[in-house]
Amino acid sequence: MTVFDRMESEVQSYARSFPVTFERAEGSRIFDQKGDSYIDFLAGAGSLNYGHNHPELRDSLIHYITSNGITHGLDMHTTAKAAFLSALEENILKPRNMEYVVQFTGPTGTNAVEAALKVARRVKGRDTIIAFTNGFHGVTLGSLALTGNRHHRDAAGVTPTNAIHMPFDGYLGEGVDTTQYLDRMLSDSSSGVSIPAAVFVECIQGEGGLNVASAEWLRNLEKVCRKHDILLVVDDIQAGNGRSGDFFSFEESGIKPDMVTLSKSLSGYGLPLAVVLIKPELDIWKPGEHNGTFRGNNHAFVTAAAALNRFWKDDRFITEVREKGDYIADSLKKIAAGFPDDIIEVRGRGMMRGIVLRDGSMTASICKTAFDNGLIIETSGPNDEVIKLLCPLTIPREDLSAGLAILEDAVGTILNAQGMKLAAAE
Amino acid sequence: MTVFDRMESEVQSYARSFPVTFERAEGSRIFDQKGDSYIDFLAGAGSLNYGHNHPELRDSLIHYITSNGITHGLDMHTTAKAAFLSALEENILKPRNMEYVVQFTGPTGTNAVEAALKVARRVKGRDTIIAFTNGFHGVTLGSLALTGNRHHRDAAGVTPTNAIHMPFDGYLGEGVDTTQYLDRMLSDSSSGVSIPAAVFVECIQGEGGLNVASAEWLRNLEKVCRKHDILLVVDDIQAGNGRSGDFFSFEESGIKPDMVTLSKSLSGYGLPLAVVLIKPELDIWKPGEHNGTFRGNNHAFVTAAAALNRFWKDDRFITEVREKGDYIADSLKKIAAGFPDDIIEVRGRGMMRGIVLRDGSMTASICKTAFDNGLIIETSGPNDEVIKLLCPLTIPREDLSAGLAILEDAVGTILNAQGMKLAAAE
Amino acid sequence: MTVFDRMESEVQSYARSFPVTFERAEGSRIFDQKGDSYIDFLAGAGSLNYGHNHPELRDSLIHYITSNGITHGLDMHTTAKAAFLSALEENILKPRNMEYVVQFTGPTGTNAVEAALKVARRVKGRDTIIAFTNGFHGVTLGSLALTGNRHHRDAAGVTPTNAIHMPFDGYLGEGVDTTQYLDRMLSDSSSGVSIPAAVFVECIQGEGGLNVASAEWLRNLEKVCRKHDILLVVDDIQAGNGRSGDFFSFEESGIKPDMVTLSKSLSGYGLPLAVVLIKPELDIWKPGEHNGTFRGNNHAFVTAAAALNRFWKDDRFITEVREKGDYIADSLKKIAAGFPDDIIEVRGRGMMRGIVLRDGSMTASICKTAFDNGLIIETSGPNDEVIKLLCPLTIPREDLSAGLAILEDAVGTILNAQGMKLAAAE
Amino acid sequence: MTVFDRMESEVQSYARSFPVTFERAEGSRIFDQKGDSYIDFLAGAGSLNYGHNHPELRDSLIHYITSNGITHGLDMHTTAKAAFLSALEENILKPRNMEYVVQFTGPTGTNAVEAALKVARRVKGRDTIIAFTNGFHGVTLGSLALTGNRHHRDAAGVTPTNAIHMPFDGYLGEGVDTTQYLDRMLSDSSSGVSIPAAVFVECIQGEGGLNVASAEWLRNLEKVCRKHDILLVVDDIQAGNGRSGDFFSFEESGIKPDMVTLSKSLSGYGLPLAVVLIKPELDIWKPGEHNGTFRGNNHAFVTAAAALNRFWKDDRFITEVREKGDYIADSLKKIAAGFPDDIIEVRGRGMMRGIVLRDGSMTASICKTAFDNGLIIETSGPNDEVIKLLCPLTIPREDLSAGLAILEDAVGTILNAQGMKLAAAE
């Protein structure tokens, strides 16, 4: 009986899909205790955009630790925080003409969402928040109200309140602009939908199944928000930090969110960090109103600053990301073409891509087979029907090709076996 | 205009009290950019029980990082997590005959509280939670309902629901056992108080003003919980990890909580980490129901294991903590004795001590004066009337004495000045 | 200054539209203090289906009062209640093969809705209720969550919780079956919509603007409810008691609701009375769990029994209602035909009909003009764009024609004047 | 099988205690179908302060009905409503120097409470309401949050929110002024108790067990409300209309509530009627924001006006009430004196009195025995430990004495039998 069997709660999830004990990792490779190597197409569920233990980031961190840099700083000013803020300002905000202040929240995405909820509700003096079908925004009680998934919602033991879910882009089928439905519900004084404080949206829904909001839909959503005097908040926790093919997932659309939540890959190294970007005029906080012990995780500031300076000074990195994204899309289309009855769609944007199976019960076997062959990859979507690729953005071409080959092989093995079973049954 | 002025939200709090930029820290000393040194009686609000950048913990961490140990592991099994679980089992749980499973939540105290709330509500099938006056349990929406402070509660923009506050030990005056009131409200089927799923209690209320629950009160509270079939949850986020004079703050009383939340000093190094200890029979989680990107912060596992192995193999460390606690208490009593009209009480337990001023408006000036003289120390309590000492448990006697001397001096300076002002006004 | 000006709250509404003091009433005529007579196309907002002070009902009531029959009986058994229950059983339920038990709630529609909500939530163990856009179910806090109108919702001072509004039949345009959207949201485990305890629906939305659910839509709604194990509750408070052309508004569709709420015209005489019809297997009440002082309004039982025995022993009455309904529809179509640009629709079913104006700001003037000419009629719909006819079902043809003529005249006066104004402006 | 067995919901309560079918009633006597007569010490749970079918009120009502007076008037002005408002103004408000406007709500007490809740929350812009242990304010969702009884609270299927229960006068024992605890919780910014919009209080708790708030406690409560800028609302639904020995139960104390709810005996005849008295400056209603079909129950206006004019023109009636109240108290004390071990207290004020048994399981048998002997009387209190007398205020001395004799006899029968059983068991 391992210490995990004896001591860890049943709440474990990834540990069940990848039942080995991992020891070390480099770039897009992760190694278990026995020395076996896996290509990592999961990348910390989007937290390792620059791969595992990127050497430059690692060196900055070791240097900082060795010089006894502040580790834990509550929300005090530190040189590490200053460096992070400057790197964010110089490399990200200024070049994009964005003016935001930064709130450091407890270092989890859900904490940033909780803070943004408070700002929105107080600025507008309203309780209700609009979220979208298949959205995921965290599982603490405030955020959970915005999260669509019943598996998570029902786990609360109480019914989360004050959020309403509207259909995401594409939810009502091709050609239906679901922002019109939202506008209708808000314009109708008798619809039962209260005017909300804010709309929270992911431009690409990661957990929800790689649903991509079109640029036009986002612009229409922004118009509806402005029309009804509602704040627009982009939750860019999973799709941000370059994953979408831009630093922010909403850049392509040109919308100007009132707040943006960032976490996951923000530290660049997988260290806990979360922030809310807030338009300066909405920064209504009084000192300490939203606090938290670890809102000053200085190790994460160090690696985050290093990552922003390393990857975002010019377009080279993001151009590469887009090219790899196209390559992944092409490869997935080829895989899909081989199983037109089983794989119904290739979905995603940037390096957030996946294939959608008609039958969600197939994906677990495919991922298991892939794992047996040295690839870590996970499913998403309401019925686990999507195999989701979140490779490190820095993955070398060889690893990317090798991983895709393992995936193709696993897809073939499982779907062909299934086909033979069905044929035999006839 | 500094980058903080340009870029950081108004929500900052400690940065206002200690308006310098910190750069590095060692043990009980922290240094600003200009090289000035401060004795740290705040210790990350209780997150740095072993001081800043403890060399043994630091070495473990550097070694781990250098060998490319897993940094971000979602909730996958890693060798670092195994080492942490074993260290917890061997050094803490087994010697105390405690049987709990460990849930790794998002690495903030509030996230652990949110998880414990879910377990309690689902196990009992009830919505209501009992918390106590002056309690602090975090500011995400679920936890916030348990937190007493209106500054934090009102910041939510919505009214937190499903929690009821009962008077903490001593709240109704000397000699009144407030668990009797609780029992009365629960026994009376018409009291308006629903039978709760659980009672959440801090044995020593840190933010609430260093209110100490007596061992007898805790035992009575446990009896009330058992009588009414209610879970008992100890939030040991601030008072745990040795701060109280025991590893757990409830050890002295002998109660057996159904769940315990731990965070802050658990990693030993100020790194974000939070867990819920759950009695095995209450571990009703299904896979992934409560998730979060950073629930596997392996750097924190490394330092946490090192800390548990370093300080908790025998009684030496905790014995020292108790001695220092007594020394602090004695020193504070001496300070208090000099100002019998102004300082109305010396409060606390273990190395969580403080002095209570009659007039809460004095404390800010005292702390400011102390800071000017090289001591970092903060206030707590509903009216900021408590000056709270949370020195590193590892603080050397010299620093402790030096810090106390600065404090005594600051107290004298401010209270005497105030006395002269009052005298002049007569 | 009248006693009303001195003493009555600003909450008054109808008193503003019809600013006279009424004294007596007979059938479809109501008389003010000065003796002026008005034809009543409002009929107590649907509470006077059998007209004012119907002589047979009045005689029963006077006889009962004169013989000192029980007036107030809490929920005790009385001969008057027995007579009512028998009349309901014999004339209504048995002939329709309906098996329900009757819960007497506080004598207001909203109280019946509150009771039905409790039954639904407890039977299913779920919090959420589905209601529909433009629905009206009352303004006490439980019912208010189901009511769509923001004028009423915002008046609560708190945000009503635990209800979700789905698009009513026709809300998404011709040809869109909105039950498919509901089914999609319920079938998708990640939609953000919790599986509800029940769906509450009005087959004809009175306050919401005379929106009529088609029989097919209701049958589809029932299917969705059965598929997802959700209770189906018809709120027949306004459309019930013959108003729709059947006793129950859902009869036409053949659906079998799990509960039905009735009030308004149930007493037949305008006396307060409300009941919930509950399928016997759902009658989970324990004694007195939902109580209320006036749940035994015996005067109302007397007139209700008299009404049920007088009008519902055979088809004669309801056949007449249908004929009058057709006549009203035809008359309204003629009126509408004269103003094709201004009147965009004739809407309704049975004797619940109205005309929809393109411009909701016109209706108040039309109703005012009608009132000046001796007709009482009101508006409904989210923007007051609907002029709603709720004549007594017993209205004589002469009064009906006379009233329609006044309406036609008022429509002409106002719309022509408006047309001239617009022409002049060009 | 009676029609009640076939057709009425299990929610019935009084019908179980008094299992006969009643037919007619006069004054303090009620008769069943077989002609058996019962003295009525229940009086419609306080709705029949002037007895059943008082002849003068009855004659007014018959006259009104015979002349085709308006029965159902929505909220339109009618001569009957004018007469009621004038009678209230002249006989009640003016002589007491009270200035209130009158809101007619749906004709149930709970509906008046719901309306007052809305006013309070909107005037103050706060969600929370303070209610008291053992209070009863109705069972619709808003009011239910204020009601203490778990039997009713748990029946909702959801947890009512936004109300907090504080200890009523006497709840913490003799000599403890519980308003000090309330003040403490409100003054402490970290108590967990939000500053409420209003305090809702019954001066005498009827359902809660005849707990009487002292005049001093009420004055202290008013002071706490004023200190913290909180509205004070007296729910006088059961104790109002003369029951307490004054028209309003709070008169004795001299407090000036911001709002008062009245219902039950207001119509004087047992007809449904409910109002909120609102200080003019708090009448923030916009037209129709709180509506309801039966808020203009004109029959009730007629009898209410008759009752106010008949009983409240001078002090004669209320003087008699006080005398009878004293007589009842004396009689109960005599009964109690005979069973000092079993009857622990005589409680109440005015004609709202009762005896408290040590053992709540005895009261049902006593009431049953009394019923068998011709007396209708009920229990109250959290454990049904109180036998509550709510005789008509108009009860003739003979009936009062006869009823008390039956009660005494029943008490003796049951307690002696119990004593013998216990003796035999020893």
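We just call them A, B, C and D in the order they show up, numbering each chain from 1.
Definition applied: contacts are C-beta pairs under 8 Å (C-beta built on N, C-alpha and C of every residue); 3 or more make two chains touch, one makes a residue touch a chain.
Quick caveat, the model's predicted, so the values are computed rather than measured.
More than half of the contact pairs of B-D, counted by residue number, reappear in one of C-D, A-C or A-B; that pair is A-C.
Most remote chain with respect to chain C, judged by CA-atom centres, is B.
Centres computed as Cα averages put chain A at a distance of 49 Å from chain C.
Rounded to a whole number, the gap between the C-alpha centres of chain A and chain D is 58 angstrom.
Here the CA centre of chain A is 31 Å from the CA centre of chain B.
Listed for chain A are residues 127, 151, 158-159, 161-162, each touching two or more other chains. Of all possible chain pairs, those that touch are A-B, A-C, B-D, C-D.
Of all residues in chain D, those touching chain C in their complex are 2-4, 6-16, 18-26, 30, 33, 42, 44-48, 52-53, 58, 61-62, 65-79, 81-82, 85-86, 88-89, 101-104, 106-111, 114, 117-118, 120-122, 125, 127, 138-143, 151-152, 155-158, 161-162, 197, 237, 263-264, 269-272, 276, 278, 283-294, 297, 299.
Per the touch definition, chain D reaches chain B in the complex via residues 127-128, 131-135, 146-151, 153-154, 159, 161-165, 167, 171-172, 181, 184-185, 188-195, 208-209, 381-383.
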